[in-house]
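In the two complexes that follow, chain A is the common piece, with chain B as its partner first and chain C second.
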Partner chain A sequence: MFFHIVLERNMQLHPRYFGRNLRDNLVSKLMKDVEGTCSGKHGFVVAITGIENVGKGLIRDGTGFVTFPVKYQCVVFRPFKGEILEAVVTMVNKMGFFAEAGPVQIFVSNHVKIQKDSEVRLKIIGTRVDATEIFCIGTIKDDFLGVINDPTTT
Partner chain B sequence: FCSLILYFAETSSSASVSKNECAHPGSFGKLCVRCGAQVEVAGVSFGNIHKEILFGNAEVARWRDTDTKSVLCRRKLYLVLDLDHTLLNSTHLKHMVPEEDYLNNQIDSIQDCQNGSLFRLSFMNMMTKLRPYVHTFLKEASQMFEMYIYTMGDKAYALEMAKLLDPRNEYFHAKVISRNDGAQRHQKSLDMVLGDESAVLILDDTEHVWPSHRDNLILMERYHFFASSCQQFGFGCHSLSQLKSDESEPEGALAAVLSVLRRVHHLFFNELAGQTGRRDVRQVLNTVRKDVLKGCRIVFSRVFPSKFPAESHPLWKMAVNLGATCATEVDPTVTHVVAMDPGTKKSRWALENDKFLVLPRWIDGANYLWQRLPEENFLVKSNEPKAEAKVKDSVV
Partner chain C sequence: MEKNGKGFSMPKSSLKSTPSKDDSSQKSKEGRKVQFNNGGSPEERFDYSKSNGKSSSSADKGGRGNTANVKASKSKEKEPLELRLNQELLKNAKCLMDCEAAEIIQGIQDQMTLLSQDATIKLPVSFHKGLQYSQANARYTNTHSVRRVLDTLKKHGVVEGEISVIANACPESTEEVFALVPSLKSKKSILQEPLEVALMVIKPLRKVDSTSV
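Let's look at the complex of A and B:
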């Protein structure tokens, strides 16, 4: 499921980036650091949509770096147990099949007549997030679940 | 935000198995594939399918059984193929020598790899030469075997090589096993192969990586095309590229091995067909191997150090595995004397009594090409030059 939320992050900036472009540099660095990452709490950060607030910068002792607390809005994606998703099949083998819904990889151990690039509606029965990836287990053994579209039909 | 999330979470459904009843047959990303709970499954990791997928031993045993039955029903066996020095030879561009510059004019197009053999993979800084006859070999073998690639190279390399060998993805789909897929770094095992070990043959140039499956192994003569390959193994001789030459297609190693595979396949499916009890391809391979030097009685002369127990020497054991009998003293039943020097007592006895006097290479040749090679090509001459690099280090 997608969410549009506000997150906060402390950004460290090297003095070379100070000056009239400070805010732009801060925002670019934020995007580079955060977009595409994953966390257990929020899931996958898809895109930053805006900056809500940039707090006062604090100079760190000993180095010249300055820390700015930044509040930003972003779209995140996080699958939940019990959630129903539509996904595209990426690989089929004797153990089941793999499907992808955006950044999430889902494994379904049910056997069904299915092929690569089919669209399938599945239910998530377990999730786990590590540093860069989200793993899910899905099932199609419920009402209204299963293959939606074969790749052969347009 | 958080309270909204909790509302959706933790609804158990009729579709998933309750965590208490589930046998957790396998896991994906440490989640049970059947019930979704976080589990630690003890079993086999199938890195060739996905690095996070793992299945329990009982489940794997069940699959292996059904898969093997299905493959045997289709009159096929399993064949595990090594890449480097077996089906091809690769080199880093920076390890190429000036004598190999001419190769840059002979590169084949990657788009047309079905017909080519020399490829430049600039994005990997590499050049790869496929072994002569490999396309025919794979096509013919695929009709008798379910094939896997198993290489000690990394995954990216393995997948690129698979694309060159199998551009239409008809032989090796999801059956490419590379270095990090296996449980152990310097050894290979049949864990990720869904065939029972009684139905698997292995083609590899290196014996010691298969410690538990020596009986399934057909040892390949190493393909040294690039200069770096010869250097890597410490050989002072020139490689095929430096000699502007290549292995012969009809008489090379792949053609010889293909005929061995045909013979094994034929024996397994045609002659053992009526047999009750489980047929074992290892026994069939052994039978074929023991046919190579059947009828030969061999004596060695100054090939092993004198205090060395002769029966333990690799060359003696190789000859016995090939079906010959060996002896330490000459007698009228001896057919071959193996020596380096035509002047030894046994060598002169051989010449006087019209027996074959051959170099140790004759036995190596039989081992790699699975046939009794003409002795005329291996005659011992005086002032024989130092053992050529082609011979494995069995000659002392």
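Let's look at the complex of A and C:
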């Protein structure tokens, strides 16, 4: 599910970006670096909503780069075990099917005939968290779960 | 200490340090038995456990009830739903319903079209996927009302993560809620009524979807 969270990051800025637009440059660098990434702890960073605080910059010895600690608010998407999601089927194979919910891919092991682009309501039964990615396993074999919309009937 | 003190009055506050017969002080650590003999009444026995010092005459039942409660809460702690555990991981995070997330992400996209002067800022794939997913699942016409209604369940012990799951699922009945969020089953008796009321209130706020059956 989605969360609105405050994160902190140390941004390094080259002296060529200093000047009147220092803060703007810092913010755009932050957006380029962070948006679209995924961490195991916070999930996928979908969008940055605002900058809370930019700390004092520290000049790094030897390089001349300056490190700014930046606190920013962002919307993240992080799936949890036990969560109920509605996902769209993207690929079907012999073992089951892959479904997509937002930026997350979920695999469901299933033997019921299912088609690509169907909507299913599933429960996440396991998440494997990597440093940069999250993989999920789901199930539709529970109460109130299963196919919602079949593309052939609509 | 007087054994059958006529003038002995029972203190109303904690009785852990109640003076008693010499026997009781030598008794086991688990409980103390104190005997009081009032003027005209027969002997009354009060059992006190060390953990509480209730002085009511139903302390017997109260003592037993307390230990039962302690045991029950311990067993509940052993089987939390992952949603509850992970609430601690994301302590500073506010859990969003899909409809709320859709509004926020849409707002950012609108801002981006204004700021698109900088060609190097491109919105990543996960942004578009997140926007698409949240808009597809944003099923309410008024997100603030839904948030207000479901927040009333917080006083019955429902956590934010569970509230979001309930909102996103658009359940038709309380049965569905308890099936989808098993961690609420333990509080079924308390939650049944407020949940029914909440679902009745948010039902008319759902967007009418032409593709749904």
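As a working rule, the second predicted complex is superposed on the first by the 150 of 154 C-alpha atoms of A that agree within 3 Å, B and C clash if a C-alpha of one lies under 4 Å from a C-alpha of the other, contacts with A are read in each partner's own complex, and residues count from 1 in each chain.
Quick note on the criterion: contacts are C-beta pairs under 8 Å (C-beta built on N, C-alpha and C of every residue); 3 or more make two chains touch, one makes a residue touch a chain.
Quick caveat: nothing in here was measured; it's all calculated off a predicted structure.
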Please determine whether it is chain B or chain C that touches the greater number of chain A residues.
-> C
Check the residue A:L58 against both partner chains and state whether it touches chain B (first), chain C (second), both, or neither.
-> neither
Is A:G102 contacted by the first partner chain B, the second partner chain C, both or neither?
-> second
Check the residue A:V75 against both partner chains and state whether it touches chain B (first), chain C (second), both, or neither.
-> second
Could you tell me if A:F3 is touching chain B, chain C, both of them or neither one (first, second, both, neither)?
-> both
Pick one for A:D142: touches chain B only (first), chain C only (second), both, or neither.
-> both
Partner chain in contact with A:T49 - chain B first, chain C second, else both or neither = second
Return first, second, both or neither, reflecting whether A:E86 touches chain B, chain C, both chains, or no partner chain.
-> second
Please identify the positions on chain A that touch both chain B and chain C, taking each partner from its own complex.
-> 1, 3, 5, 78, 80-83, 123, 142
Chain C-facing residues of chain A, complex = 1-6, 28, 31-32, 35-36, 38, 41-42, 44-49, 75-78, 80-86, 100-103, 121, 123, 142-144, 148-149, 154
Report the residues of chain A in contact with chain B in the complex, numbered from low to high.
-> 1, 3, 5, 78, 80-83, 91, 93-96, 98, 105, 107, 109, 123-128, 130, 133, 135-137, 139, 141-142, 145
Residue positions on chain C within touch of chain A in the complex are 81-83, 86, 89-90, 92-98, 100-101, 104-105, 108, 118, 120-121, 123-127, 129-134, 136-137, 161, 164-165, 168-169, 171, 176, 179-183, 211-212
Contacting residues of chain B [partner chain A, same complex] = 1, 5, 8-11, 13-16, 25-26, 28-38, 46, 49-50, 52-53, 55, 63, 67, 174, 194
